[in-house]
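Lettered A, B, C, D, E, F, G and H in written order, each chain numbered from 1.
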Amino acid sequence: MSERPPLEPIGHLGFAQVDHAREARNGVPEVVYGEGKSAAQIAAIVARLVERHARALVTRLDASKAEEVASEQPSGHYDPRSRLMWWGRAPETLKGTVAVVCAGTSDLPVAEEAAQTLEWLGAPVARLSDVGVAGIDRLLAHREALARADVVIVVAGMEGALPSVVTGLVRNPVIAVPTSIGYGASLNGITALLGMLSGCATGMSVVNIDNGFGAAWQAARILTLVERGPAEPPASFSLPT
Amino acid sequence: MSERPPLEPIGHLGFAQVDHAREARNGVPEVVYGEGKSAAQIAAIVARLVERHARALVTRLDASKAEEVASEQPSGHYDPRSRLMWWGRAPETLKGTVAVVCAGTSDLPVAEEAAQTLEWLGAPVARLSDVGVAGIDRLLAHREALARADVVIVVAGMEGALPSVVTGLVRNPVIAVPTSIGYGASLNGITALLGMLSGCATGMSVVNIDNGFGAAWQAARILTLVERGPAEPPASFSLPT
Amino acid sequence: MSERPPLEPIGHLGFAQVDHAREARNGVPEVVYGEGKSAAQIAAIVARLVERHARALVTRLDASKAEEVASEQPSGHYDPRSRLMWWGRAPETLKGTVAVVCAGTSDLPVAEEAAQTLEWLGAPVARLSDVGVAGIDRLLAHREALARADVVIVVAGMEGALPSVVTGLVRNPVIAVPTSIGYGASLNGITALLGMLSGCATGMSVVNIDNGFGAAWQAARILTLVERGPAEPPASFSLPT
Amino acid sequence: MSERPPLEPIGHLGFAQVDHAREARNGVPEVVYGEGKSAAQIAAIVARLVERHARALVTRLDASKAEEVASEQPSGHYDPRSRLMWWGRAPETLKGTVAVVCAGTSDLPVAEEAAQTLEWLGAPVARLSDVGVAGIDRLLAHREALARADVVIVVAGMEGALPSVVTGLVRNPVIAVPTSIGYGASLNGITALLGMLSGCATGMSVVNIDNGFGAAWQAARILTLVERGPAEPPASFSLPT
Amino acid sequence: MSERPPLEPIGHLGFAQVDHAREARNGVPEVVYGEGKSAAQIAAIVARLVERHARALVTRLDASKAEEVASEQPSGHYDPRSRLMWWGRAPETLKGTVAVVCAGTSDLPVAEEAAQTLEWLGAPVARLSDVGVAGIDRLLAHREALARADVVIVVAGMEGALPSVVTGLVRNPVIAVPTSIGYGASLNGITALLGMLSGCATGMSVVNIDNGFGAAWQAARILTLVERGPAEPPASFSLPT
Amino acid sequence: MSERPPLEPIGHLGFAQVDHAREARNGVPEVVYGEGKSAAQIAAIVARLVERHARALVTRLDASKAEEVASEQPSGHYDPRSRLMWWGRAPETLKGTVAVVCAGTSDLPVAEEAAQTLEWLGAPVARLSDVGVAGIDRLLAHREALARADVVIVVAGMEGALPSVVTGLVRNPVIAVPTSIGYGASLNGITALLGMLSGCATGMSVVNIDNGFGAAWQAARILTLVERGPAEPPASFSLPT
Amino acid sequence: MSERPPLEPIGHLGFAQVDHAREARNGVPEVVYGEGKSAAQIAAIVARLVERHARALVTRLDASKAEEVASEQPSGHYDPRSRLMWWGRAPETLKGTVAVVCAGTSDLPVAEEAAQTLEWLGAPVARLSDVGVAGIDRLLAHREALARADVVIVVAGMEGALPSVVTGLVRNPVIAVPTSIGYGASLNGITALLGMLSGCATGMSVVNIDNGFGAAWQAARILTLVERGPAEPPASFSLPT
Amino acid sequence: MSERPPLEPIGHLGFAQVDHAREARNGVPEVVYGEGKSAAQIAAIVARLVERHARALVTRLDASKAEEVASEQPSGHYDPRSRLMWWGRAPETLKGTVAVVCAGTSDLPVAEEAAQTLEWLGAPVARLSDVGVAGIDRLLAHREALARADVVIVVAGMEGALPSVVTGLVRNPVIAVPTSIGYGASLNGITALLGMLSGCATGMSVVNIDNGFGAAWQAARILTLVERGPAEPPASFSLPT
């Protein structure tokens, strides 16, 4: 791979077009989805990202593949629970707090994917685990603390009831993450997903099953907006109806 | 229809075999499922049931068909909310109480099907409505009362989260009834149904979507058993494993 | 209905428990879901809400039922496109702008549900319609304006591809609303819903099919948070892992 | 893990909030769902439960993980058929009998999960196996014995027809457990589940696929209620309709 | 439409290619599927069939469309329960009997579609109605009679358990017809269909939901084969494996 | 296992109730479904069946488990393609021929399950392989031979189109077997199953996915009926409508 | 609506952004999807299209709405079978022929949507109807003619088997259109759709259920390409792999 | 295998009927679907194809099975990414270019199956990878090049949005290939498949999930037609409507 000029918006690797302009456009560099890519492909993309952006994050990376990637791109950190691997971090810390709440101990890997992604993005995280609705007092014991979090991520499998209850307890935005924990009628997380979308509480939105990463990203966009404050309103597209 | 001897276990109507032995076998006479039957068929079956058992219950009966049935079989009562129609009632009142709890006002028709079926079966009913999990304090305000009900029927649509929460609050059996209330990802009640089956709380079981009648029947079997007390254990089938 | 003391947190109407504490807890009073409720029930709940909170919003209200409600509770406004009916509005206007972008003209009723809910909540709205991905230049013509909106709601049916494209163009949070527009393989919005959840762009989250209301609510929670700024971090629940 | 005062309602383990109040609230201590938890996590939770409640039950535990748990928490019993592991048992035996009926030999692991959970809870169990509906005389040979059981749990895969037949033969409550036995159109137990929910017999309710544990828990709640007898009716929530 | 020579194997009507060779090939002339065709189209096809084959059968014909067809093609018979309309009948009567057994009164329209199709095809029919498995004695009372039928068609909705039980009682072929009777988890007949396909009894096969016509046709093929006796074995295609 | 009297209709093995009366009732002894049973369980059931009926058949038996069974019950034959294992065979050969037609080479294991089951039952089989509809001339080359088969079993995966074409070419009964061959939209055989049930050709019925065994059983019931001829019609249940 | 300069690529109607550049980009002007739009909206878009492109096509237009549109935009033609409405036509006729083949008379509305769309686009059409696979000779009678068509569109409901057979008979591209004709297991066209996608014949591709319009459009793109001949190969994006 | 005369249209291998006439009928010899066939079966079919047609292609071949096949049929080439194995190639090169565009690096195996199949068929291929819609500028950078491709194959997983965008940018036919890349709501490619079928852009058609081979085949049929030019129109089947 020959050297390229620093302002090239797309890094051409043949099998991949690294989207260097994404940092300017979206505020954060591209992240590498680890499934279905070879260790060699991942290492090459990470090399390019680190070179241009001084940080990189890979998601859904199995431990064995992580080892291969590490041998080619050595200075990263790998966490086997969240299956995240990263090089560098956000240069600054965001203000505000994201609470990452999870229903059961079995949901922890997804919750950790959310929490560690947030930390990589520079967002302060508060964790609360194993507060499923079958023992509602465990959740209510943290009612005031929850109400103080600026964004709440709620991770739950099985029937996915926890986000509805939490949303009713707070006034800040809630992001719900269904997990594939459960069996039979849980349908690998489909039931929790549909339940969260059908939820009777308003003020929450939902991401894909086991997508702790996506919830974290959305939460970080919100915290960044809070920090930046509202923009001038866009004039051009308020078209007549 | 000619007269038949009183002990005939099956009443032959051609299009229907009225199961007169059901009262002896199951404790309660056969109930008529109103959908897909003509008013004439329903009236004929009801006539036979009233003749032999002095009471009859028809479920899922539209108002217009109910009127037709009433013109042929006059002394019944019809409730348009529950779409139940009945002639006579259980001869005695059961001991104990069934709480019929429902998540939202839109779930009331199903809750009423449960409550009125229980009343027809002679079971005392306590109703609690509109206590969905998005405002959990409405439910918790009734925590002690719920714990005193002998059986709790919980009716909920949308994400169907309420039964899990209730089951965690009480020690008596809970029967969950999903409703078809909701839209989109609610899938006409399938989501609530799957959610209840996947529920993390133990001590509850589930009936079909909108099946308030079935939940009531199960509750009444439990109350009857409570009244009768445990039987001598069956000896014959404890086969070696 | 007898008079009740002003601080009662729950308004007992028998068929409904009006959650008066919700304004304190969630920042906004309870909203009435119009489907499956009778006009009389809706009017009674609205009366209570207006009495206590000086405003009320009903969603998913058919035109004919709206007329009945209006005859009992006269000073409301009804919009047949969004099927919303409201009495009063938010006392103050929020800062910041929510862009409501919709893919096709057929998606407009859902987009209007979102836009008018936002207006009822006091949030400034900018509308952009009919910019589906089959003619991508229509969207790109508004690229800079979109990037200035504080929150973007994207409404799309059929394959639901628009939110992924928009999310890649902006750095603020995007909320995707699938609609039931389409036929055959669109499965009444399920396809758009699943597509949005599977989307390759990060920074968006999803609400139920046709749930413009829910998206608006989530957007308003974000704008409110932006206005209020980050809270002090909650101390109590950062438990050891 | 430092020592904690004996009356602490929640046992904080960081990754888990052990719900010590559950015994007071639900009559039985919390049970540990074994899937998705590490052996170390399970052992820690069990240690806490045994310390406070003198008994513990873990479900869905693979043989290899059970061995690991046993090495840290030695005095338990593990059954490879039911995949249950337990320490201690219920202090007293309940009155009454639960019949655990299963359709085919392949359904036995689920039936054993039900039967052994019941035994751990102190409930007398009578087992009847391999009485599927294709040879109905095998079931009818036990007709009188079935009618004497206080609760009947029916375990069946494939088309799941057995619970409907059994429910028609008895007057006590029936709890149906679909299993994932079968292939093709059996859809890993979904068909049996839907069939049981659609069943034409009234007096039964259903739990999740392969959830012998849940059925046992529901049966034990019923037996406990039978033993305790009906409570005084709750006064507070019979609200006007 | 001009006259055509009598031996033309295909009757060209433009919108339809009437398959006159079907009688030679399959033993019975083509039958007209009534849904999605206009009355004029149906009448034209029937005219051609009656001209060439002296009989015709139309399925799934609504009463109002039947009246229109009758006005153009007058000598037919219409039955509103089965929604069949026919002109002429099979010239001869088959030997043997087909039992048409149905689980509930609500399933009768489908059972009648089967029974009347068989009668049109010349097959003797014995009807048995309302013998669902919730009252198994109603079925067992006819055990010997069922065993004497040459083919048994079993029609059932809801959980569709009846065919498995019947198949276990007889040695002749059983054809199962799921119906769309039921609600909620019955999924418009999908549950009964899947249940029948998953059935643990061997010796039965299944047709489409509500397809009484198709079951009758298969039964008639069997009776015809019984009458004709086995053919000489085909020599040509026993290829080496 | 102690000796038992020869006329005992049910063989009690604890984990299994061997249905010895099935041969009298259904004409053939019980068959053992191999999945989900241990080799020891299978061997015990087979021993009992061979003792009483001089033959036994086990389906869906993996090669490794078959070896274990063989070590305990030595005189059987195992075929790894069909995964069938059997001891003894039908005492007599049936008249007539069953054609087993399969669409692709990948469908052969299911076709062989059908063919070998038929041979075990004493039915003559003619095989025709790899005649899928994409090269229709391969099928049409065998048109006359197919028309001479007394029953035709058609095995096909992917879109499952072959049975419709075959049914249109013959006048004898056709039994369709969908297979799980295919990928993506084939949904592990669900698509072929639904396609066969929706088929426009009349005169065929369908069994479960990959259920070559079930199709063979149905075909053998038909051949047996052909050999025996029609029975006297049952008198008792032609009830008035 | 004020006048706009003729070269404006987007026509701003507020509720719609008419994509005038589409003709330059895709070769044909935008088409109006009629569902979910009011007659007034449709008329306004059509007016703009006719003004700029001298032709317009609306799909999926009910007869009553078509009448309303006609009253505002008078010179169009409406066909109630295809539910298409159009103003003007393609200025020139394409070379080559598209065969539109349909399985049953009930599929004709979809086939007509395809055929009339092609005619509006200037493509010669040859129609062949009612040649379903249950009477394969009807199709084979047209074998040579089919092989001469440049593109073949095959429209079929139920099991959707026809496209596989046709694709095996020709060497030119085949486009398959599933229809919603059928019942029960046909699942409103899903079964035909999945079957066509799973088809064993190669050389065909599939469009949405009932989407005759889409198939026609694809066929016209192919004919246009045939007329224009191959372009010079694009140089820029053959990136190294 | 004995020698056979060169003009035999079907090669009888017992387990397979090699369709030698396919080259004459469809323009290209039969291709071997590798799944579900043994290496020995594959090698035998390939031997026959190479003997008669001097080339052969096997799809979906695992590396280990490929090695076995190679040992029996040595001169082939195997590519582990596409899982294709081939002997010989098309004798001539087609004119025109097929662009194979893929959304993400993880989709490359499917894209390579398409590209290499095209190369085997003699079609020039231009590859463009990793241009998913979340960074739309990567795609737009190739806008002119895409518009010059004669056929465009678009391969995408997750939400499958790329084909709609591409179709809107070009005027030549687009063939969309959904992939099974993604997790949770992606449903193993079902979501991408449904999304592509529901796409709002006209001018594309769809093949099965991961079916790069099928898309290539369709594209090659188009290029061949372009090279041959339109045929004389078929006269025979334009039947009156």
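Here is the rule we go by: a residue touches a chain if its C-beta (ideal position, glycine included) is under 8 Å from a C-beta of that chain, and two chains touch if they have at least 3 such contacts.
Since the structure is predicted, the reported quantities are computational estimates derived from the model, not experimental observations.
S.K.: Which chains are shared contacts of subunit A and subunit G?
M.R.: Intersection of subunit A and subunit G contact lists gives C, H.
S.K.: For subunit G, which other chain has the most distant CA centre?
M.R.: Farthest by centroid: D.
S.K.: Is it true that over half of the residue numbers where subunit B touches subunit D are used by both copies, so same, or is it different?
M.R.: Here the answer is same, because the shared fraction of interface numbers exceeds one half.
S.K.: Sharing more than half its contact pairs with B-D, counted by residue number, which one of C-G, D-F or G-H qualifies?
M.R.: G-H
S.K.: With chain centres set to the mean of the C-alpha atoms, which chain is at the far end from subunit B?
M.R.: The most remote chain is H.
S.K.: Just curious, how far off is subunit E from subunit D if you go by their C-alpha centres, in Å?
M.R.: Each chain reduced to its C-alpha mean, subunit D and subunit E end up 45 Å apart.
S.K.: As a quick test, compute the distance in whole Å between the mean CA positions of subunit B and subunit F.
M.R.: 42
S.K.: Just curious, how far off is subunit F from subunit E if you go by their C-alpha centres, in Å?
M.R.: Spacing between the chain centres: roughly 24 Å.
S.K.: What whole-Å value do you get for the distance between subunit A and subunit H if each is reduced to the mean of its CA atoms?
M.R.: 36
S.K.: For subunit F, what residues touch not just one other chain but two or more?
M.R.: Within subunit F, the residues that touch at least two other chains are 14-15, 22, 25, 33, 104, 129, 134-135, 168-169, 184-186, 190, 193, 197-198, 200, 202, 208-209, 239, 241.
S.K.: What residues on subunit H touch subunit F, complex-wise?
M.R.: 9-10, 14-17, 19, 21-22, 25, 30, 33, 35-37, 41, 45, 60, 178, 180, 188-190, 193, 208-211
S.K.: Within their complex, state which residues of subunit B touch subunit D.
M.R.: Counting only subunit B, the residues touching subunit D are 22, 25-27, 31, 33, 95-97, 99, 124, 126-129, 142, 144-146, 148-151, 168-173, 175, 193, 197-198, 200, 202-209, 213-215, 217-218, 221-227, 229-239, 241.
S.K.: Please give the residue numbers of subunit C that touch subunit H in the complex, ascending.
M.R.: Contacts found on subunit C: 103-104, 132-136, 140, 158-161, 164-165, 167-169, 182, 184-187, 190-202.
S.K.: Could you list, by residue number, the parts of subunit G that touch subunit E in their complex?
M.R.: Residues in contact with subunit E: 104-108, 129-131, 134-135, 137-138, 141, 181, 183-186.
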